[in-house]
Structures are given as structure tokens and as C-alpha cells.
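Heads up, the next two complexes both have chain A, just with different partners, chain B and then chain C.
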Partner chain A sequence: MSSQPNVLEKVIAFVDERVGLKTLQAKMLNEPVPGGSRWAYIFGSVLLFVFIMQAVTGILLMFYYVPSADHAYASTQYIIHEVDYGWFLLSYHFWGSSAMVVMVFAHMSQVFLWGAYKSPREMIWLVGLALFGIVMGFGFTGYLLPWDQRAYWATTVGVEIMDKTPIVGDFMARFLKGGATPGQMTLSRFFVIHVMILPAALMGLAGLHIFLFRKAGPAGPFRGTPEELKAKTDYFFPRQIWKDMVAMGAVFATICSLAFIEPVVLLEEATPDPGEYHPEPEWYFLFLFQLLRLKIFSGEFGQFLGAIAIPGAFMALLAALPFIDRSPERNIFKRPVALIGWIVVMATILIFTVSAIINREFLD
Partner chain B sequence: MHQPKLKSKVRCADREVGEITRVIVDPLSHEVSHIVVGGNGVGGAERQVPVSEVQSVADGLVQLRTASSALAQFPPLKREDYVTIHEVEIAHLEDHLHVESGEVLVPLPTLERNVPRRTFFMNLTHAIGTLVALPLAFPVLKYLMKPMYSPFDNAWLKVGNVNRIKTEDVGIQFKYKKKVKEAFMPETDVDKNVWLLKASPDVLEEVYKGKDMEFRDQAGRLVWTNKKDVPYVVFSGKCPHLGCGYKWRKVPKLGKEIFLCPCHLSIYEPSGKVLDGPAPRPLDTLPIRVDAGGNVEIIDMEFKAGTKAQTRIV
Partner chain C sequence: MTDQPTQMSSVKLGLAVAWPAFWTGMPIKIVLVLLLLAMGQHPWEFPGLAFLLLLSIPVDIWAVGLSGRTVLLERLGVEPPDSLGLTLWWQGAALYATYGSLACFLERQTIAGSKAVVARILDLELLKAIPIAERISIELTAWGSIAAVVLLALTLGGLFLFGKLVQRQADAASPTAASYEARIHQWDLMRVPADQPLMLTVVMAVGVTMVLLLWAVMPVTTPHPHESYKQDEKKAVPMLKPTDALQKAERVLTQAEASVQTLEEKAKKSKGKAPTTQDKKAAAKQKKA
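What follows is the complex of A and B.
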């Protein structure tokens, strides 16, 4: 009799009755996307994918990595040179972190340009900014772990920058370093932050981010009458998920290619003597690095201005954005200040990054 | 107008035709867009009637403008074109729906009927939470702060011999090893470096400005005095801008040799004075003593980078 459920169907029914899987799945997939699915909406899903891959490769790296000043470098070299495919997993993790930053920029730009941070989505934007901070924190703390010269000097300068925060700066810098200068205590602290604290914070806040997003619903395009939007509306599954999957595949292929073409190569082991090495941060911090070379950011106050006040004010402005910009207009072509602001910020970052790269020649 | 309720009787202009079997909601406006009418009067099939046809909604009765004979013009419901609100996620949809008539209630358990007691228990929960967290705050903070502040080490370290220096006012790097014992770690030799200069009288004057230089420990006791007439000057290898290691470089543009930090491009004269770039203060001079044989010893000190004032941290 064909109407009799088979064993598999019985198991599924058993689980479903207790978990409510079918309703849950329906709820997850049947989310109307006003105006229909778009390639512009892929970045959030891609970020989730890149993060999961960072978690997977990160856990695998911990099978061999030892977070101690006398073994961190050796164990990382062992992963690269001795462990089968260790070079690949490490290089994937390395390039994955860059992909994370690129995708964060793309995601934030999309939300900004589409005016999707506006009421009722202010909380999603705020939690998103916190997630942005966490991603930057991942990049900064992870950079120290291989314990080579690049790692040591990026951390030395980065923590000195934090030290410039008024009042709490000295305490914060010592707290992070676990002393006056980078050493074993710094490595232990950065390791705990990188593998425990930030992942927990990211998972919690990303959950909240998605929950709030589902609560408010997708913002949809910034143009079109309700009738037009309704006519084009589809569900999250299958068209948007299809686009997301294609994007994930493309990002995965890109990260793999980069890992193959430019695998991670360590410099000399970390030491307070830089030798011939010219310290430089990872590319996404280069603009800030170049900014601090400017004459206007010289001296004690100039440094506070360039390293703390301006980045801090910029983040505060982003946080205040949905509360300052209360006009319901979402069309970016009718928000000249926002459009020009975005272009100026992107151009500044680009110009400073490029000039930092050009400056390398001057040093050699 | 109230939302038409499920199970309400439906009356056409001329007669009663059946009841509301379902309602259809617009996913964007969250408003009821159609009622689905079923019953004998509609001839078996459920008909989908737009709410614009509803004249009035009374208790348990919905009045349509249409004549019963005209009901057939409305399309029959195609159930497969719809999903229930439980199978879809539309934000705040349920907040807008009032299609059930009356309230659906669940009895409050007898023990829960005393509202002030609930508030009391809530406060007690917070109090216990605070009692758990508060005594932990200080120990946890102290636990994490353990390595943050350590006493200064004022030992003299051999770094090399001045016979390496041939020319005046040229920065020569001296590398040395410092024994470091950090917490539980075995003692290790850490590579460090300082820059030594055999200073001409002009440069020496610029470094000392006519005064001997005193170095003190944490308690303010005098540790060492650099005499202004000793021609050897030693600079900490750490750039006072943001702590990188600087180099001695010939800069064709300036036509002379200077100290250059590759990080943020601070440039210092041989005397350590800032020539250009973002550094807030000159290079840090360290205590130096040179014996008769030319052997150089220094006290390894580090100062906080990025401040105008010199604050010792190591």
C-alpha cells in the first residue's frame, strides 16, 4: 500500500512533531522579498558563509597551533611546511579574513546606499556596527598569532595607537598586552580573544542581527510603487537563496585561488629588533597607517586626533546616522549628502591605501 | 471599519449566502484584502470576494453590496496559490490581524494570581544575580591585571665596543641580547638594539643643552647621570612616535644622513631632534657608561611612545 509511510518518513514525522522542523523550515524560506530577489542582497549571506568557513578552518588550525611565545612560530611553520594541506588551510583562513573585511564593506555600503538603516531598522544597523567592530578585532588579534615579525610589529603599533585614548588608554593598552611590552602574556590574551571571546560575541550579535532583520522584514528596493513591488515580490527561497549560493561559490573559489597563488609565508620569528623589516599593517588598515604619517596628525594632540578622535567620531557618526537622517526618503539619487559622503569616504580610503603602497618605494 | 471575522455570516444585498471560511491578507499592507465565502448560497465553491465589496461589518454578520446572483463573477478560491500565515514570515503580520471574534483565554494558575508576589520574585532574582556577580568583579579584575605592571630593571647591559664607530655623528646600530623571564616561561634571550653615536660638540650640545641628564627609578631615586661631556650618546631603538624600529638612512633629497622610521616616516637629526614627520618628541636617550677599554654598557629602558613627555614603562 503506497499510503503507508516508510521508515524514513516515520523518523522525519517523529522529529518534526517534537521540533517543529517543517514550520521552522517554511518560516525560514518563505520570507517575502519586496520587489523580488536581487544580486545586491547577497552580502549578508556571503558574510555568514565566510564566517562559518573561518570558524571551520580556525578550529582545524588549532589542532597544531600552540599559543606560546616559544612555540607559536614553530607550530605555525609546522602547519605550513609539514602538515598535509596545512599551508592551504592556513592560507584559506588568512585570505578568508580579507574576504570578511571586503564583504563587510560591501554589505555596509549596500545598506547605506539603499537607505535600509532607516526606521524601523535602526537597531539592525547598530548591531551591524558592533559586528563590524568585531570583524576588525578578529583581524587585529589573529594577525599576532603566527608570531612572526609582521605579527609583532603590527601589534606593537596597533596597541600603541589604543594607548592614545584619553584617560583609559594606558590601562587598556597594558590590559591587552598583559604588561608594558608585547610578549607571552600578549599572545595568550590575543589568542583567547581571537578564538573564544570574539567568536562568542559574533555568534550572539549575528543571531540578534538576523532576528531583528526578520522582525523588521527586508527593506526592498528604494524605488517603485507598492503595486510594482508586490508584483515582483518573491520568497527568500528559491531565487534569493540561489543568488546567495552562486555568490558564496564565487567567493569560495576566489579565496581558494588566492590561497593557491599567494599562500602565507612567514617572516622571521617575532623579536623587538625589526632588522631590515619595514613594519606595515594588513591592507585594510593601510589607510589608517598612511593617515598617521600626515603632518597634521603629528605631535601628541595630532596623534590623538588621527588615531582616536577621527576614527571614533566617524564610528559615532555612523551609529547616530539613523537618528540624524530621519527623512523616509531611501532613494540614494535623492539623498545627495549621503551619496557624496559615501563617495568621499571610499575615495579617501582608496587614496590613502594607494599612497601607502606608493610610499613603500621611498623606503627601499 | 472592523476587520471581517472568520465564521461570520455573509449577507448579499438580497439574502444570506453563507459564511466567511477564510480571509486573505495583503503581505505588504498587512490589511485583509479578500474574504472567502463558502456555503449553499455560493454554489459549492468557495468564492474570493474583495473587501471593497463589503458594505458593513457587524457582530457576526458581514453585509456585501453585491446581489447574490452576481457572486458567481468572483473567482473560486485556488487554495494552492496561498500559504497559511504559519508557513511564512511576514514581520508584524499577526499584530494587524483581528479576524477571530472575541478573546481566546488560558487560565492563570492559582498560585500566579498574586501580582505583587511576581514583582517580588523578579526583584529577588536580580538581587541574587547581583550577589553572585559583585563579589567576583574584583577578583576577576585583579586576576586579569596580574602581569600589567612590573618593576623596572635597572641592570647594566653590555652592548659592544665603541671601536666600531669610525665617524662622528653617524648612527651605528648595536644589537644585544636581553635576558627576559616572563611569568611561567623559561628565561629567554630577546634581541634588542640601540643606536650609538659619537657626537660632535655641536650635536652633544643639542642633546644635553648644557646640562647633565639624570635617570630615576619608580621611587624617584637617582639611578644614573649621563655627563654632558661624554661624547657617546645612546638612543633607545624604539621610535617615540608609535614604537617601531627606526633606521639610519642617507636621504638624497636632504643631502644628509638621518634617523628614519619606516612606519610613519618620522625623521630625526643625529642629535635625536625631530626633523620631520609625526613624532611628538626627540629620540629617547638612555643611560650609558663607557669604560677605559671602550666597552659600552647601557640600562635598557623603554618609554611610552606617542607622548610629548617621556614616561618610562620598562
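What follows is the complex of A and C.
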């Protein structure tokens, strides 16, 4: 048998010599996972996968989509009805955005419940919060692009809410709208933010997030004796990668199934007259929308309180969390305030989201 | 110490097997659901549902066996019997058919009852002034809390009974003398196939086949056309036959040549005569052209 390297081995050796491929591979895959691989750790990888799929489907949609007030609606209809598999790509992109929000919530919940935001992982948590904001921004800006009544009025409501922010609110609302009412300038600006600014910001911050995570290392499970953890400690490859891949496959199949069950169907083309349409934001903002319907949040001050002050204070609390909660205890069952707080927040979101859905019956 | 088998309550034992088994089988079932949807079959309507339930049986047997073996070996320190998956599956299925049906009935009754009671309370004169948004949330929280507590109790009951079934299997199994680390290693080897490249090839092949199958059966145009969308009726474009096209072009050229000749003859004959109105019109047309 010949010991001479073949062409592929020579190419790999050539690249390795110049970029340190093997060192990079070892660094990427041989990361020890304390306590072994777990299904609870899949959310970060799945988020990255969903984002890549959003980028791929988004680029394919851009081949046909025209970001102008005159053609946005018609080009979206064209994608749905005329382009081969266009209906599926658009529906996948639509449900993919919801999957990103669900995965962000799941990932943040896992980090919070596992106490993985504590020292020395404060910066990972802060960058993660910024990424959460970007994902929400993606949802908000992407919603306008089909330019139907739903898109137009959800954006109108969203921008009006933003307008209530003190000092910067008026500027932000005017900048986003680019005029008195949403029109061509609004669509152009939302499109640029959606396809240029936010993806660039997400890629940069996600890179930083992963770098910081690798620097600090995985937090591992919040309970278990050192002997148990040692016995189960494994490398990132192959066990965790296998779990990640299965989860990615399951999420992909779920998004595809949703695209089949509930494909995107546009409403009438956007007009400044809502007619019989009741403006409503995307489902993940519904709880906030329903909160603003409560009497306590009526009036100028009430709206500011419900739309800006409370969500703002909540986000500020999340950002300050690793600096307030300095106890090294990570076991969620020994952190009753954190556990009850998480349950209350989740229950509130659930109750008000369902309430908003029930509320639709009383609008006509 | 971890070398000693863990003492687990029936609820914990049931949860330790049922929860991972559910998630282990889930990805495979989702793929099956997707393929059914792509083929235009709804997985919750008759032929699709029957097909899905049938295919779920081996998946569930495998999933419950995998998580059951893990718990028995790692947590309870006993050698899992070979038929563990099948035994736990049929016993679990019988439990679901009896206890599950009863639990569903009780939960439905609870929801209906609590909804009626809460609505009646909120209809009291004293509470009628509550605005609609507040009323919806109060109602939902009130009946939802009752329903959630009952659901939790029923779930715990189900897990307790399933845990008893797992415990019976554990009691019948022989204890292992191996240390915790050795048990983990044994458990690990049980899950990892001996021929890993073969396993990887099979997984890849199945994945590629599934993707190809999906694209093959997926409708090209939307299966849900919008009511208001008028799709252009596409007329069938006749196939181009080069010989026919050439013959047609030749015919057109011959006709054109004949027309030109007629015009030239006409022009010769009318030489020297004063132009008629028709000639003037023809000249103006030519100029325009």
C-alpha cells in the first residue's frame, strides 16, 4: 500500500499549514461539556440554524420581491401564486420568524433557570439580550414588507407605540415612517433595516456571543456531585452535536409543517383606511397589545406606562440581573424568587396573549 | 453516593421515563407528519391519522425502551430486561386508553364547569361594570387556574401509575454490581452503535431520501390559493417545429414579393397621370411609416 497522501489530503494539508484548520477544528469540536451533553443545551445552536435558514429563504424571496409601495403587494402575490415553490418559501420564512422568537424565549429561559448568566458569564447574558432585541426588530420590520392591511396597520400601531418613548420617541417614529403616514419611505427604510442593518448586527453580535461563550466555557448542570459531573463530562463532538442536529431537524420539520398547515395568505392591499380590519400586531406582541387595552393603561400617561415604562423597566431589570443576583447558587429550586418570577412572567404573557385572541370576538 | 442506586418515587420514575421518551420519538413523528402534509394528507384526518398512529408504534416502543433502559441502569442500578421497550409500551398504551380517557373526560368537565361558574360570578350586578378587556383576562385566569391545577393533579396521577409499571420492571430485573462510572460507560455503549460509520451513512442516506421525497411530493404552486387572486390562465404555447416555421416564413416572403410586384406595376401604369386621392393617402401613409 502506498503511504503517499492523495490529492484531498494534500489540499487539506496546504490549507491547514496556512490557516491552522486542525487546531481550529479541535478548538471547535473538542470543547468539554461538564456533566455531558443535554437536550437543554440545544437552543443556541437551533437559533443559529433558524437564522441561517431565514437568511437563505430571505435571499431567495428577494429575487422576486420589489420593495416599493406600488409593487410590494403585487410582487408578494406573485411569489405566492406564480413562482415555483414560492408559497412554501414565503410561508417557511414567515413561520421561521416565529420559530426564532420561540427559540429566543426558550434559550433565555434555559439560561435564566440554569443560573448561567451569573459570574463569569455576565457579558454573554448582556450580548444575548441585545440579540433578543434584534430578533424582535426582525419580526417588526419584516411584518410590513408584504404591504397588505395587516402589515400596514401593525406597523402603524407599532410606530405609534414607539412615538410615546420620551426624548427619542418622536425622532424614531419620524425616522421610521419618513412622512406623516406610512408610505414608500417607510417601506424602503423597513426593508433596508430588515435585510441590511439587522442581519449585519445579528451576525456581529452572534459571533461575539459565541466567542464569549467559548471563553467562559459551558456552565454545566446546576446540580450533581463533582463525581457525577466528572463521570458524565463529554466533548462537544459528537454527542452534543448529534443532539443539536436532531433538534435542528425537528425544528425544520415543524416549520415546514406549519407552512403547509397555515401558509401565508395576504389580506387586501394596504390603504390608509383600515375599513373593517382591526389592527393587530404579530402574535408575539399580542400580550403587550392586550395589556394596553386595560383601563389602567388608558390615556396618554397610561399608554406610556404600559407600552414604554413597564417593558423598558423589565428589560433594564434583565440587563442588571447578573449584577443584582450575585449569589453563586445556580440550582433553580434553591432560588425561589427567580423561579416564581419566571412563572409569573410566562403566565402573564400566556394569559394576555390568549386574552387578545378571545378579545377578537368582541371587536365587531 | 452515586455508586448506590437512587431511590425514586413512582411519580419521579414515571417522569424520568415518559418525558425523555416523548421527546425522543417526537422528531421522527414530526418528519412523518411533514411527509403526510406534503402528500396532501392531513395527519389528523382518517387515512393520514391511521397511518401516523401505525408508524408511531415502533417509534414509541424504541423511544420508551431507550429512556427506560437509561433510567434502570443509571438511576436504579439494575440490568434492564431485553423486552423493556415493548412491555412498557403495551402497558403504557393500556394505561393511556383507560386512565387517559378518564383524565380527558374529567379535564373537559372541569373546564366546562369552571367556565360556567366564573361567568356566573362575573355576571353579578356588582361586577357587571368591569370593562371587557379586564373581564376576559379575569375569566381566563380564574377558570384557567382551576383547569391547570386539575390537569396537574391528573398528570401526576398518570405519572404515578406509569412509574409503578416501571418499578415493576425494575423489581423483576437483576441488580448490577458495576460502579457508577462503569454503568455510565455501559449505558453509553448501549446507545452508540458498534459500527459508527455505517450508522452515520444510514442516517445520512435516510436524511437525503427524506429531503428528496419532500421536494418530490410538495406542490409546486400554492395548495391554498387566495380567493381574490386571479391567476392568469396560461395558454398552451404550441411547440415550435423548425421546418413548419421555415415554410411559413417562405410563404410570407412570397406573398410580400407578389404584393411589391403588383405595386410596382401599378406605379408604372400611373406614370404621368395626376395623383388620385387614394395615391395621396398611400403616399402620406408611406411618409408616416
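In this text, the second predicted complex is superposed on the first by the 362 of 364 C-alpha atoms of A that agree within 3 Å, B and C clash if a C-alpha of one lies under 4 Å from a C-alpha of the other, contacts with A are read in each partner's own complex, and residues count from 1 in each chain.
The rule is short, and it goes like this: a residue touches a chain if its C-beta (ideal position, glycine included) is under 8 Å from a C-beta of that chain, and two chains touch if they have at least 3 such contacts.
Small disclaimer: the values here were computed from a predicted structure and weren't measured.
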Original post:
Would chain B and chain C fit next to each other on chain A once aligned, or clash?
Top reply: fit
**OP:** Check the residue A:R214 against both partner chains and state whether it touches chain B (first), chain C (second), both, or neither.
**Re:** first
**OP:** Quick one: classify A:N359 as touching chain B (first), chain C (second), both or neither.
**Re:** both
**OP:** Would you check which partner chain A:Y85 touches, where first means chain B only, second means chain C only, and both and neither mean what they say?
**Re:** second
**OP:** Would you check which partner chain A:T141 touches, where first means chain B only, second means chain C only, and both and neither mean what they say?
**Re:** neither
Original post:
Just chain B (first), just chain C (second), both, or neither: which does A:S45 touch?
Top reply: neither
Original post:
Looking at the overlay, does A:T76 come into contact with chain B only (first), chain C only (second), both, or neither?
Top reply: neither
Original post:
Touch check for A:K232: first (chain B), second (chain C), both, or neither?
Top reply: second
Subject >> Which of chain B and chain C A:Q303 touches, first, second, both or neither >> reply: first
Subject >> Broader residue contact with chain A after superposition on the shared chain, chain B or chain C >> reply: B
Original post:
What is the contact status of A:L294 with respect to chain B (first) and chain C (second): first, second, both, or neither?
Top reply: both
**OP:** Using only C-alpha atoms, work out how near chain B sits to chain C after the chain A superposition, in angstrom.
**Re:** 8
Original post:
For chain A, which residues belong to both interfaces, chain B and chain C?
Top reply: 293-295, 359
Subject >> Partner chain A, residues of chain B touching it in the complex >> reply: 26-29, 83, 86-92, 144-145, 147-150, 175, 180, 182-183, 185-186, 188, 190-193, 237-238, 241-245, 262-265, 277-280, 302, 304-308, 313-314
Subject >> Contact set on chain A toward chain B in their complex >> reply: 23, 26-28, 30-32, 34, 68-70, 153, 156-157, 160-161, 163-164, 170-171, 174-175, 178-181, 183-185, 214-217, 226, 229-230, 233, 235, 271-275, 278-280, 289, 292-295, 297-300, 302-303, 306, 359, 363
Subject >> chain A residues within the chain C interface of the complex >> reply: 39, 77, 80-82, 84-88, 225, 227-228, 231-232, 246-247, 249-250, 253-254, 256-257, 260-261, 263, 265-266, 268, 290, 293-295, 351-352, 354-355, 358-359, 362
Subject >> List of chain C residues in touch with chain A within their complex >> reply: 1-2, 20, 23, 26-27, 30-31, 33-34, 37-38, 131-134, 136-137, 140-141, 144, 180-181, 184, 207, 214, 218, 220-226, 228-229, 231-232
